[in-house]
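Handing you a structure now.
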Amino acid sequence: MKISARNVLDGVVKDVKKGATTAHVLIDVSGMTVTASITNESVDELALKAGAKVKAIIKSSDVIVAVD
Amino acid sequence: MKISARNVLDGVVKDVKKGATTAHVLIDVSGMTVTASITNESVDELALKAGAKVKAIIKSSDVIVAVD
Amino acid sequence: MKISARNVLDGVVKDVKKGATTAHVLIDVSGMTVTASITNESVDELALKAGAKVKAIIKSSDVIVAVD
Amino acid sequence: MKISARNVLDGVVKDVKKGATTAHVLIDVSGMTVTASITNESVDELALKAGAKVKAIIKSSDVIVAVD
Amino acid sequence: MKISARNVLDGVVKDVKKGATTAHVLIDVSGMTVTASITNESVDELALKAGAKVKAIIKSSDVIVAVD
Amino acid sequence: MKISARNVLDGVVKDVKKGATTAHVLIDVSGMTVTASITNESVDELALKAGAKVKAIIKSSDVIVAVD
């Protein structure tokens, strides 16, 4: 599947924290930690757990730029 | 300034493409390219151009996870 | 590829309108028109044009609910 | 009320799952299931429950396009 | 129409800048300027121009919090 | 830090409601209440509580415009 989102970052799941409906997935991307907030159902369907190889996908319109 | 967005990635601007109202900013983050779609006004106010040190900020609710 | 976004709708491209940097892609989904605002680059890379079979992907945190 | 969001899909609520703060609302739209992640407060204020007629509203900048 | 988005701010359009596909609408909200990036089509359909009474609608999952 | 997001609104926290993973932060902005849905971790790191001076940051691509 090819996707229009410009940002597709390869990573490895570090941790999954399930809440009541929403889970936080921490992903190691080249030594940085990227956090994704997704549904518990998606965690189950994708069988996400520490060590899983994943992609973090981010639409370019969702990226903010800052300078110090 | 401290910010609630979980993902704040350090990078360097590679290229800026201005459109009629919307600009695309390509940012090198640890060898990966992150694209941000922002307003032309923001490009001007932040003086964004190739070589500028920036941060790419992404809210965790905007990160999708995929597995092959 | 399996994806965490809950909403993956099958459709057919009706029209593509490229702007200076941002394109609008109109997709027929079961007789409804879904509009996606994506980069021109993505239109080119995915070779999007009228008649192409596509999926419209939407994260559940981006869906608003309204009642009359 | 007229709204700038390009995607306003008519549907019927199939299920509402409340979490601690965030609820998932499953909406039948022409036989497809659209999931919305919204606050519990909104579920209460809109009196959302199975069978309710609703609209699923999605901004075009939040739609990703994919091809197989 | 009642809407799940928690943030519905009353305002008055100050300026509309149309681009090739994407327009920027500047809205005065209690003396603050809120900028919305929407499609040109929406500007036309809603007949947005300086002086128009509008609402700026923002989903709570799209609000970032910062402290100095 | 200067940020590309066009909308940076000064406010004061009115209330913080933590859920299992996701918190709702109610912010008074010029007499209006702006709700932000953020992670519990961010609430802790920013030490958010009633009375705290904060900024509500919103990207212009996340603002919908409506007219009655």
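By written order: A, B, C, D, E and F. Residues from 1 in each chain.
The rule is short, and it goes like this: a residue touches a chain if its C-beta (ideal position, glycine included) is under 8 Å from a C-beta of that chain, and two chains touch if they have at least 3 such contacts.
None of these values were measured; they are calculated from a predicted model.
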Candidate from A-F, B-F or E-F with the same interface as D-E, over half of contact pairs in common: B-F
Same-site or different-site touching of chain E by its copy chain F, using the half cut: same
Which of A-D and A-B has more C-beta pairs touching across its chains: A-B
Intercentroid distance (Cα basis), chain C paired with chain A, Å: 21
Between chain C and chain B, distance of the C-alpha-averaged centres to the nearest whole Å: 22
Multi-partner residues of chain C (each touching 2 or more other chains): 1-6, 19-22, 24, 35-39, 41-42, 46, 55, 57, 59-62, 64-68
Touch list for chain E against partner chain F, complex: 5-9, 24-25, 27, 29-32, 34-38, 42, 46-48, 52-68
In the complex with chain D, residue positions of chain E that touch it: 1-6, 36-39, 41-43, 45-46, 55, 57, 60-61
Residues of chain F defined as touching chain A within the complex: 1-5, 19-22, 39, 41, 57, 59, 61
Chain D - residues contacting chain A, complex: 17-24, 35, 37, 61-62, 64-68
